[in-house]
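One structure below.
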Amino acid sequence: MKLFLIARNTLKEAIRQKLFHFVVLLSIGLIVGSLFFREFNFGVSELKFIVDFGFGAMTFFGSMLAVVVTAQLFFNEIDSRTVQTLLSKPVHRAEFILGKFLGVLFVLLFFMALMAISLLAVLAFREASIYSRISEDIRPEGWIRYGDVVLFSVVQWVKLGVISALTLLIASFSRSNLYSVTMSFLLVIICHLQYLTLEGWSTASSWVVKGLLFFLSYLLPNFQIFNLGDWVASGEILPCSLVLKASAYGIVYWIGLSYLAVYSFSKREI
Amino acid sequence: MRVWEEVNAKQPQLQLKSLEGGLGQGITIGLLGGFRSLVADGLWLQTNHKWEKSDLPATQTLIKMVTVVDPRPTYFWINGSRMIAYDMPMWRIEAFGRFEDVPLSIRDRIIREHSLLAVEYLERALLHHPQSSILHFEIATLYQRKLKDMQKALEYYRLAALQIDAPFYMGGLYGEMLRQSGQPEKAYEWLITLHPSLPRDDIWALSDLVLEKIRELEGRLNVSLEERYEP
Amino acid sequence: MSIAVSIKNITKDYSLKLRGLKLRAVDGLSLEIPQGEIFGLLGPNGSGKSTTLKILLGLIKPTMGEVMVFNSRCSDVASRSRIGYLPESPNFYTYLTGEELVSFYAGICGVSQNKIKESVSAVISLVGLEEASDRRVGTYSKGMLQRIGLAQALVHDPDLIILDEPMAGVDPLGAIKITKVILKLKERGKTVLLCTHLLAHVEEICDRIAILDKGKLILEGSVESLLRETKEETFLVKGLPAEAEDELQQWLKSKGASLTTERRSSRNLEELFLEKIKNQTKGEEIG
């Protein structure tokens, strides 16, 4: 119950932030801006471009939002000392951290829903427009699967949740917002390249290096696992089993990283 | 780990060495970071921009770069090969002067050169899409129209028609190409094998037209009534 | 008498990040706060008052020692359900209205859903913020923030109320209101721990005080006993003629006492201010 009160309060605070409004408007603007691809007359392939562009905007701005909003919401409490008032109540530190995390998850869900709706609207509009120029008999059927766009958005939301949990972990022991944001962005880049440690591990000759790379490959999440946009953009069916596995992978990291954040925050002196 | 294997299988090997120096560090990190599709799309937009300006060296470089970054969409291969085979020769010819004023031998040499480049480009595409009917068909068209090599063209038309994703018309077209190239017996054999697989209720399968062609060939080859094809 | 807060030999060291150097903020502090009393915790800046409060509230851990609140360890989260805390210069969520803020904290403190509205309304009325309760906290003045802070500290009817500089930024009228609230809490058997620099108020309302300096307890006891160090008493006399003054002094001498100070009584600034404000208010009502 307290968890949801803190989460709801976090959500209220987040959607009032100017940064949130700016990122949402910019992302929607970019997705709608993909309408400019019609100038190139790519035909049906234009839909692939719109999907790639839309997914890119979701991922890039979503990641930015996940890091900055999480850090900002956490440090607002610390800097304004509202955390002291809150923790002087019968609130476990775990409830505070998990409440913040849950609140940010709702914010990111709201963001992804807006992005998905914008992208689907643009796709539907362009598909209708392109198809109106092609005879009904030879139209390629359901070239972009709208259901898969929604599934992809869900998987990206899980990924953003992992980024948020990572940021919360950094923030739980860091002394400044700037440090948390910088470190988190660096970690996001590293996690996107994490698959190279997997490849490096198998080819490394030294046992020490092998061991280190093996450890890193499990410690850090592999963000490439969430990279399922290629199925959607190429018109293939996105396997549900893969969506479930990627989501489960992400949720395991949600739990692990937030547990570490709770542990770290419990040692922090307010 | 299994999830990663499944996702990784969808991603072709990234040939970063062949892109060395061609892309900035930021784009390289973006490539490594899983934004290949987006980077390729961006490069394709640049390609279009250079193509509009008839910038041959830049268009040529970018066409190759796009398909190195992301070889998965056949769209890049098809349109890239068309730029190489149909547009670039015209740019080079126009560099000499008006099309009509340039000697035929020079024009033919340039067109041939670029057609062979386009075929080479599409053969590389087949390494990534070995079962693509459209790529085989594109090569066949180049051999037929640009390189005037009917034998090779027929071979690729046949391969195009045999692929799983081949639209119905490719089968009929191959048969017609055989007939036009003076091989009515082969055309007849092919069409009577093809016809049973064509759905009668799909107008684009052209089942009736193929049957018409079969009857024509039966007449030409003097096939007896008893041996004629029964649909 | 049962003990609300028991502080046993607590020490708090802060690392100065230089090898081996530490700052000792609290040094072997022991004290007991009986239930139902108003206890004043005094000391100059840097004396360890805030650190002591933070330890009591479980925000930081003591390096050594133990603190019990109503016989529960202060580190137990459950012990805080009986504590209400008003921080110094409080900051709250500016985007919430006064009512939303107090409701939020009521929910956090476990006030049941069907009682929240009633409790919130009661404390807001107690601190005199009925008219401003639907405004965002971000629009509040410093004094209003103190009062809404008091409201959130009291909404769950705690047994121990910790007030850190409750009068800071509050006008004299507001200060009197807060004082009345504190005295009312005592009447209801609540224990109040008051941290303040306003010694006049401490003298007026506290039962017991403790004075800290450089992290150590230097004085503790009831206000009455601590202040009655001299055998002097003050009598205010009205209407004594000048010629009778000598007679008064003689009489005192005969009783073994002496007149040490003679001073014409005058109002203090606070009395004058209150009189004027009250008159102004009366005048407006009549007008």
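Which chain is which? They are A, B and C, in the order written, and residues in each are numbered from 1.
Here is the rule we go by: contacts are C-beta pairs under 8 Å (C-beta built on N, C-alpha and C of every residue); 3 or more make two chains touch, one makes a residue touch a chain.
Owing to the predicted nature of the structure, the values given are computational and were not obtained by experimental measurement.
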(request) List every chain that touches both subunit A and subunit B. (result) none
(request) Find the most central chain, measuring centrality by the gap between its CA centroid and the centroid of all protein CA atoms shown. (result) A
(request) Could you work out which chain's C-alpha centre is the most distant one from the centre of subunit C? (result) B
(message) Taking the mean of the CA coordinates per chain, how far is subunit A from subunit B in Å?
(response) 39
(request) Measure off the straight-line distance from the CA centroid of subunit A to the CA centroid of subunit C, and report it in whole Å. (result) 48
(message) Can you compute the centre-to-centre distance for subunit B and subunit C, using the mean CA position of each chain? Integer Å is fine.
(response) 86
(request) Note which residues of subunit C are touching subunit A in the complex, please. (result) 54, 57-61, 77-81, 83, 85, 87, 90-93, 95-96, 104-105, 107-110, 152
(message) With touch defined as at the start, can you tell me which subunit B residues reach subunit A in the complex?
(response) 2-4, 6-8, 10-11, 29, 32-35, 37-38, 41, 45, 48, 72-73, 75, 203-204
(message) If we count contacts the way the header does, which residues on subunit A are in touch with subunit B in the complex?
(response) 40, 42, 45, 48-49, 52-53, 55-56, 59, 137-138, 189, 192-193, 195-196, 198, 222-225, 227-231, 233-234, 242, 245-246, 249
(message) Quick check: in the complex, which residue numbers of subunit A touch subunit C?
(response) 1-2, 5-6, 9, 12-13, 16, 80-82, 84-92, 269-270
